[in-house]
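Structure provided below as structure tokens; questions to follow.
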Amino acid sequence: MKVIDEKLENIDDNIENKATFPKDMWVKCEKCKNLLYKKELEENLYVCKKCGFHFRVNADFRINMLIDNGTFREYFSDLVSKDPLNFVDIKPYKEKLESLYKKTNKNSAVITGIGKLCEKNVAIGVLDFSFFAGTMDSVVGEKIYRLGELAIKKNIPLILVSSSGGARMQESILSLMQMAKTSLIISLLKERSIPYISVLADPTTGGVTASFAILGDINIAEPDALIGFAGPRVIEQTIRQKLPDGFQRSEYLLNHGMIDVIVKRKDLKNKISDILDILSLNLNIAKKAQKHNL
Amino acid sequence: MKVIDEKLENIDDNIENKATFPKDMWVKCEKCKNLLYKKELEENLYVCKKCGFHFRVNADFRINMLIDNGTFREYFSDLVSKDPLNFVDIKPYKEKLESLYKKTNKNSAVITGIGKLCEKNVAIGVLDFSFFAGTMDSVVGEKIYRLGELAIKKNIPLILVSSSGGARMQESILSLMQMAKTSLIISLLKERSIPYISVLADPTTGGVTASFAILGDINIAEPDALIGFAGPRVIEQTIRQKLPDGFQRSEYLLNHGMIDVIVKRKDLKNKISDILDILSLNLNIAKKAQKHNL
Amino acid sequence: MQKFLDFEKPILEIQEEINKLLLDENSDSKLKIEKLEKTCEELKKNIFSSLSVWQKVLLARHPMRPYSLDYINLITDKFIEMHGDRCYGDDGAIVGGIAEINGKSFMIIGEQKGRNIEENIKRNFGMPHPEGYRKSLRLMKLAEKFNMPVVTFIDTPGAYPGLGAEERGQAEAIAHNLQEMIMLKVPIISIVIGEGGSGGALAIGVADVLAMLEYTIYSVISPEGCASILWKDASLANLAASALKLLPENLLELGVIDKIIPEPMGGAHFDIKAMSNNLKKFILEETKKLEALDIKKLLENRILKYKNMGNLFN
Amino acid sequence: MQKFLDFEKPILEIQEEINKLLLDENSDSKLKIEKLEKTCEELKKNIFSSLSVWQKVLLARHPMRPYSLDYINLITDKFIEMHGDRCYGDDGAIVGGIAEINGKSFMIIGEQKGRNIEENIKRNFGMPHPEGYRKSLRLMKLAEKFNMPVVTFIDTPGAYPGLGAEERGQAEAIAHNLQEMIMLKVPIISIVIGEGGSGGALAIGVADVLAMLEYTIYSVISPEGCASILWKDASLANLAASALKLLPENLLELGVIDKIIPEPMGGAHFDIKAMSNNLKKFILEETKKLEALDIKKLLENRILKYKNMGNLFN
């Protein structure tokens, strides 16, 4: 199973097909261009030791990275898109999906389930950029919705890790509506004071940023991740000028007020754990007090 | 009784003493410098017919202008400042106040009361720039608070017309606390869905802008009024450059999202009436329905 | 200046002829006019009963189509426009304000295009910045406080993809609106009156009742954008338009919209008054139905509706 | 670099002498040290028991005084700083984040000054822009959601009076905070730790318990600003400082603050750890008292408190 994708210049396209990762022992860092020993790179969570560049990693890797060993239980993995629009493409949408199912051994662009993070129960969903550029279709929307319901039912925090080209064009208006649907479930969590941590990884754009990904109680970004609404190419075409350095990168978003904190991949699990601990301290006290009063 | 003030370059100062209005028949427009026949100017609500410049007018004039003839009943007019800090000035604060009482025949920088506006009952408070530059002291804060309570008790809309140099220095921390106190009563009105219209006239600055004046359900500004937090002179001294044209004027505030609508003085009464009509239509329906259900 | 589409030109030619005859005092021109009018009506019927998807896209973007403020002026008895997001600016691409219609109050919010260069600079071609969405949210919260139903008119090529828009959180502004609209404690009626352009449309389009005028479109991406991604060729937009299933009938079938509001023969721009009347009637009727529900039920329905959006799996 | 005030110099001279002696291995230096330490303590006592108002102003602004982050680091067991207003920017002049203290969670928000040029550019000399106040409000609402008491540290010359600040609604940001804090459904404790500069201080200072450290000030205008208005001469700031009644004891008497938190001899900067301990103890004790009230009672008290602010009329 492929863990990392090539860094791709154009996240507007469906570029998952282009991702052909060298299978040899050495990997060239996309940023500093140094050759990295693959095994070492993996041990370092696919972060370049030379320059700190965070390679894209797939959803399985992230789940392994964040969830305590052996505690993850996947939910809703059987949901599969129906191609409700009979979308016509160069290759029919259905065929594209079929080939992805085979290639990735996954049914959709998100893995959802429940597990323990530093011994705390959490509901976690991770978008997979290697599946259709992590785009949100009806299935992704539905799985995130159901995951949120599960978090409510079990009264456990929700963590969503995003890496996505946005809404999936091939399901047109239905993909668009998933923005409302996923925002809805976040609203329902907020009403119930259930913590929701959003982790934005490279790249998070379009309808995913503009719905659940930006709505975290705490928004965490990985360093140097591309995060925005419009893709850089679209913006360049619109304004007819080159984009400034660092535009739409994590640091830029932090400075512009959209991100709470930038966390290196190696610190991510512990940071989330700390946040959840603090956020739940007084909720638990309140709950105990409430019970006591009843 | 003096109706209009001279336009004063420096609203940070307590400049009410400088205001000596020519008592002859002709008035020079501060903006277009044309000479205006005073009687005509008064008929035109102290707005220059040549250039539309809105002269500052005092609180009595505004009440007459907004409230149906003979329906205004003043409240809380007996409240007088105690000089709680024994404030030392060139002239003691107490003496300053005493001379203002005599000169203006008023006890404070705000007139508060109840009256009809186009036949609708309203609670109205008007700050008077000719009294201590309309600055907010404990008495102004208290009167606005009580007026808000009255609006709640009688379930009628609140209208506040501001024209003020901000919080009154001579009551230091107590003046500052009036910002919290007046914001509190606005919060209490909002909780009860009682409409609150804020009218910002020239000039509205400092702690008055930064509390009740900017918190209207609808913020109305008179044309070309100076509205801001810091006074222009303070800003110029801080940034050491000249301020751009139109800076902190009504149009600028509208463009920067702080003001709902700019209304000429001659249209003000009708516009407020329209707004109150529309805001209360469905509230009344809801109330009737509620009564019906009981 | 009048601007018409190619396939409308035969209709216009006849109408011009009619207009000429109307000035003519010759006795048999009356007969001629009657004949021409009949021909014109039939021509319209023919043309409009066999429009291609792409022609409908062009109609949705028709430069003579009524815009939000056109409808607002015709529908409302009183309208007071309100400005600003109380934070950064006032966006000309979204207008909004309190209104009275038939003795009831409404908050009306609409995306607004311009008709000439000057207007389009002010309106940014109907492409909102974050402050536009934040203004609309502010107005919706005000509507909630004063128990006013919210009516939104959707008409945008999309949220503006520019530097300032990204800087000030276009994504946040849109997402925030979605999150708040879904819980807003007053009825919301949204109507696509022209272009429904992706997230920029949805940001004011989470509603209890979502309708589209007959000749409008609503999709996740513009046909041009879709074509240039799929086939690297924006000129294949007509193909993309068909693939995207962006017409009212498609969306009705998919359960995304609740109703199609018919347009006058020839499209809304041929008879703005008739269109406004349809619209007004629709708004009043739907409001009445929604207000008959108590708030709890209203929200339950809304939540259920969006929970079930796109529930079409194997 | 250490920077001290003139009236502190005698103390420092003795301390330097002590420090020198500490390095000396001579047998009778121990005795000398003891003597000097005693002298030093007495000197401190003398100096600090007869400080003028103006000297206290200088202490409140002392460049070596601990700032918000200094206290946060010493008080909390865990602290995660959070950034941004979700609208425009992240203001360095206000810091805030979630924290754990003794097994309880808090939202801590503080105005933050810098110690050198670089820091002061980042922190804008502790003068917040609107986005700082909006960030703080966002964090307070988050605190409300997760039932966390809010602790704010006030330390600002004032809200920044600049072009951008006015443009983005400095007044609105402050007023909005006042309006929301007064209704916030968790306990709020505010502590002036240095300068309480007018509306810029109040904007994070509406609280159930408002305290001041011993050597701090809080007033509607800076003494300099007051002097230049009253006497057209900023150098008369010391006169203005007395007139403004800006010391903790004045505010306690006026019923504006609830408590004065004592500082270590010589001021907080002489013993940051001791000061932090006082502060931590104060926060924990007051939180406990406030949390004993149910929310309704808490809000009633808060409303009553601000309703009665300055009720001193004839």
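Every chain is named by a letter (A, B, C and D) in the order it is written, and numbering of its residues begins at 1.
Basically, contacts are C-beta pairs under 8 Å (C-beta built on N, C-alpha and C of every residue); 3 or more make two chains touch, one makes a residue touch a chain.
Computed from a predicted model, the values in this text were never measured in an experiment.
Look at where the CA atoms of chain B average out and do the same for chain D: the two points lie 33 Å apart. If you average the CA atoms of chain A and of chain B, the two centres end up 51 Å from each other. Chain centres here are Cα averages; for chain B and chain C they lie 40 Å apart. Looking at chain B, residues 190, 256-258 sit in touch with two or more other chains.
The set of chain D residues that touch two or more partner chains comprises 86-88, 168-169, 172, 176. Interchain contacts give a graph that is no line, ring or star and is not complete, per the touch definition above.
Applying the touch definition to all chain combinations yields A-C, A-D, B-C, B-D, C-D. Put simply, chain A touches chain C in their complex at residues 12-14, 79-82, 84-85, 87-90, 137-139, 141-142, 145, 167-169, 171-181, 183-184, 186-188, 190-191, 206-207, 209-215, 227-231, 234-235, 238-239, 243-244, 247-248, 256-258.
Only residues 78, 80-90, 98-100, 103-105, 131, 135, 142, 145-149 of chain D touch chain A when the two sit together in their complex.
Taken together, the chain C residues at the contact with chain D in this complex read 86-88, 130, 134, 168-169, 172, 176. By the touch rule above, chain A contacts chain D in their complex via residues 190, 193, 195, 217-218, 254-261, 271, 274-275, 277-283, 285-286. Interface residues of chain C, counted against chain A in their complex, comprise 159-163, 165-172, 174-176, 178-180, 182-183, 198-199, 202-203, 206, 218-221, 225-226, 229-231, 239, 242-246, 250-251, 254, 256, 303, 306-307, 309-314.
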